[in-house]
Amino acid sequence: MATFPSLHDAVADAVHDGDTVALEGFTHLIPFAAGHEIIRQGRRDLTLVRMTPDLVHDQMIGMGCASKLVFSWGGNPGVGSLRRFRDAVEHDWPGPVELVEHAHAAMASAWEAGAAGLPMAVLRAYTGTSLPDVNPDIATVTCPFTGEELAAVPALRPDVGVVHAQRADRDGNVLVEGIIGIQKEVVLASDRSIVTVEEVVDDLAAPSPNSTVIPGWAIDAVVVAPGGAAPSYTHGYYDRDNAFYQAWDEISSDRDRFLDWMQANVMEAA
Amino acid sequence: MATFPSLHDAVADAVHDGDTVALEGFTHLIPFAAGHEIIRQGRRDLTLVRMTPDLVHDQMIGMGCASKLVFSWGGNPGVGSLRRFRDAVEHDWPGPVELVEHAHAAMASAWEAGAAGLPMAVLRAYTGTSLPDVNPDIATVTCPFTGEELAAVPALRPDVGVVHAQRADRDGNVLVEGIIGIQKEVVLASDRSIVTVEEVVDDLAAPSPNSTVIPGWAIDAVVVAPGGAAPSYTHGYYDRDNAFYQAWDEISSDRDRFLDWMQANVMEAA
Amino acid sequence: MSAQQADGDDTSGGDGLDWTTSEMMTIAASRALDPDDVCFVGIGAPSAACNLARLTRAPDLTLIYESGTLGTRPEVLPLSIGDGELSETAVTTVSVPEMFRYWLQGGHVDVGFLGAAQLDRYGNINTTVIGDWDDPKVRLPGAGGAPEIASQCGKVFVTLAHSTRSMVEQVDFTTSLGFGPTGTERAALGVMTAGPALVVTDLAILEPDPDDHELVVTALHPGVTRDQVAAATGWAVRFADDLATSPPPTAEELQVLRDLHARTEAAHA
Amino acid sequence: MSAQQADGDDTSGGDGLDWTTSEMMTIAASRALDPDDVCFVGIGAPSAACNLARLTRAPDLTLIYESGTLGTRPEVLPLSIGDGELSETAVTTVSVPEMFRYWLQGGHVDVGFLGAAQLDRYGNINTTVIGDWDDPKVRLPGAGGAPEIASQCGKVFVTLAHSTRSMVEQVDFTTSLGFGPTGTERAALGVMTAGPALVVTDLAILEPDPDDHELVVTALHPGVTRDQVAAATGWAVRFADDLATSPPPTAEELQVLRDLHARTEAAHA
């Protein structure tokens, strides 16, 4: 049954050094507020899991939170590279980050399998690519009916899953709308889950009987964090701050400039 | 791209003797009108696929359309047995029907796998039950990461999939609401698909960006069949005719009475 | 489905209340649910018990039906597990693949509540066939969601009418695993959930012996004798040393249950 | 993403129209789409081409973005593949697992439209790394949806700027399979889809030789010479016997493309 702690308490309770932590959001509802709280609390040695690591992961990596990244596309969407991510991979600054590299199809199925309580996902993938050469987590299984060899990847079952959503009701039932990505899968697949929301309301006002609602009893912590996805966006609440995504390219281009910006805008802003 | 044929033409075009045909609907949106048209066209030797075969399957089996049934629960929901199904299985009347018997979990995953273009579904199922003793389609695969033995069943990929839905727009995009069951999976998994709808409208009026809409380009035939799910129900249009479900128990209790009823109410009603 | 409950014998309580054995069964079953349980309501008799609990002492009970409805709160009992009201009153309605993969197999359900055509001394359930599967005496509807409800919910409650036809030494067909043919197979097969924790019939309550997993009578319903239960059970049933008597239905339980049935009959007429 | 297109050289058409090589690339790519194609728009340059086609000669073109948006009709070009307008204008938006499992792997997409950091003579794509994966010279964003777009769509179109850095003899890393390292591996691996059918650069159009699958120049854009293309290609590129010249952009194509970019810049400012 969901509780309603503060962001500080939710993160302090759920996220520990060495944990495997997924902050997800497929180009929408990216949990920046929660990511910044993890940075402020000084977590170290995290294995970060995300299909599309972008600015918040650039920030976590640049601040030294991560020792490993499980991912399938890491960039600044619409702008270019993640400069802190590249600095870590190419020059080990501020430390080395081990990469477990997938494609979207496999990570999407791995989230599905994690939510489904299975140890692995089975799909048709990676044929003829170099990815199995660099990722020992890409294996095969043989279909007992057709003899076809299919790809298998481990299910994603992180210690902590963090997503952002539009709103919750007083029972902690959470509505997700628009690009729903893998929000539900992350909550269900994770051992401990945090959902940050724009607001808590009396009536969830889900528009359809089939709206994507994650029941409160399947969530550990619901945290009220208005604007918690900015500079990404929350469908129906606020738009993506494209100018900031473009500005980040320059902010992140230099180690000192990055550190100064983080100090002023994250470490001292709670 | 969806076409808009008559029910007669859609069935005549898609359904042939010997085909594997799924008329699905998980207790909602059961495609009675399409089933009756298949009976009127005198199809024979069909392999019928359905998780919850109920009255329309009792009727098809009693009228001799089927030689095989792939299923996981066959009954008159809320009432009791399917008497024509039992007569076929227990006494080979009007002919024998071979059973391929599953549980819901496996058929649900087999529909998912069929829609996903995979040859098999992998799940945790059937442990300690007698079902693998009577169904050779229940096999196992071993997880290459954990060594766990998991159940595997063949994906469902019928020749023809038939479902009912609320409405379509002029592009053949179809809205399904309420208990959505496996409606989308059936359409995507089948080689040829027929969707009967209550009405065709200019604006689909899907209430949510994430409403269950099956795009017209993924459907072969959209057929206007008002009341096409009765005596089952269409959420938002009409209720389940519970009295008929109860009456069916008596109508179907006797072979002659059943045949008379079918003659008057199905064969001569087009 | 509970709407079609058999009328049991009338019983008179000491406080002037009358009830049927069927009502006693439903009420006793409803009492077994914890107020914050997430409960998967299987096909068969359990729906009335779950909704009675929700309408009395457990208003926050979460009910899941395999049709995809999560957190449903019907005003009347559904005739089928896919009646429209289940979706209309649910927190959300998901697809059937999602229901079985994410919610059941994903391990999010505390209690599975099942009916049975046959139940044996080790809690194994048959809803498939009486006689041989290849040459059945009676072909039953089949498994539905029950096999995985039985193995993947935290624990399982079973409710059924008590007779030598239903309470058997060994099931003809194991549709859903209890503790296995000799009471040892559940653990041996690596199924980590608790399995059958409680059986509520119209005569008694049975629970598995913690050591050998045989179902043992732990309570008799008011007015029921050991001999009645022994005669209605298809194996040499054991009785607990501290055999209890179920508390009789309260006036509130009877009133809420009868109102529920009356609303249901009016709605389905 | 096309919003960040490089400005190419200005070119003058015979009819008084001016255009950049980048505009020519987008316009030539847009012409390759059939009006009733279902098109999976990958990360990278293809979005402008697909939307230009939709806004001109192919209004019924179905666009799918991997963020889950099916049949989207944006008024402006998305900056990311998950911009809100993609969902707001889509027929429906599904989860990412459903997108990859049902729609892409399920075989419902005709054309996959991809960009590339490196493309080799057999149409293999690298968007992962320049240099060794373990010790990269340049770490690129990675695969995203591309590997399965490349293998599971009916056919694949690729669009990228033409240079010896991008058009290479052999990719450093095969992120997405074309015809394989020697042009024979796609069939040998049992991948039944057509693979790279068309490559549109800012200089030319290349298509695979039907026999050996090597990419061959089949058309030059107006004003481009064979020598220019040969100098900008990292292998000894062949030219088709019936080498064509791409029709220059029409006034309508240029107008619609420029309006699209202007709306996009205004919206993202």
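Should a chain be cited, it is by its letter among A, B, C and D, assigned in written order, with residues numbered from 1 in that chain.
Criterion: contacts are C-beta pairs under 8 Å (C-beta built on N, C-alpha and C of every residue); 3 or more make two chains touch, one makes a residue touch a chain.
None of the values given here were measured: they were computed from a predicted structure.
K.L.:
Please work out which of B-C and A-C is bridged by more C-beta pairs in contact, and write that pair.
P.N.:
Pair with the higher count of C-beta contacts: B-C.
K.L.:
Please work out the Cα centroid separation of chain A and chain D, and write it as a whole number of Å.
P.N.:
28
K.L.:
Hey, how far is the Cα centre of chain A from the one of chain B, in Å?
P.N.:
One centre to the other, that is 38 Å.
K.L.:
Two-or-more-chain contact residues of chain D, please, as numbers and ranges.
P.N.:
Residues 87-88, 93-94, 101, 105, 152 of chain D each touch two or more of the other chains.
K.L.:
Any chance you could list the residues of chain A touching two or more other chains?
P.N.:
Correct list: 112, 116-118, 123-124, 178, 180, 184-185, 206, 209-212, 235.
K.L.:
Using the definition of touching given at the top, classify the network of chains in this structure as line, ring, star, complete or other.
P.N.:
Its topology fits none of the listed shapes; call it other.
K.L.:
Which two-chain combinations qualify as touching?
P.N.:
Chains touch in the following pairs: A-B, A-C, A-D, B-C, B-D.
K.L.:
Report the residues of chain A in contact with chain B in the complex, numbered from low to high.
P.N.:
So the residues of chain A touching chain B come out as 116-120, 122-124, 137, 139-146, 148, 150, 152, 154, 177-178, 180, 206-212, 235.
K.L.:
Along chain D, where are the residues that touch chain A in the complex?
P.N.:
1, 3-4, 43, 66-69, 78-84, 86-88, 93-97, 99-101, 104-105, 128, 133-134, 136-148, 151-152, 173-177, 180, 185-186, 189-191, 268-269
K.L.:
Would you tell me which residues of chain A are touching chain C in their complex?
P.N.:
1, 112, 115-118, 173, 184-185, 188, 206, 209-213, 215, 217-218
K.L.:
Contact residues on chain B for chain C in the complex?
P.N.:
The contact residues of chain B facing chain C are 26-28, 51-52, 71-75, 77-82, 85-86, 89-90, 101-105, 108-109, 111-112, 123-131, 133-134, 178-182, 184-185, 212, 233, 235, 239-240, 242-243, 245.
K.L.:
What residues of chain D sit close enough to touch chain B in their complex?
P.N.:
Against chain B, the touching part of chain D is residues 36, 38, 62, 70-71, 87-88, 90-94, 101-102, 105-108, 152.
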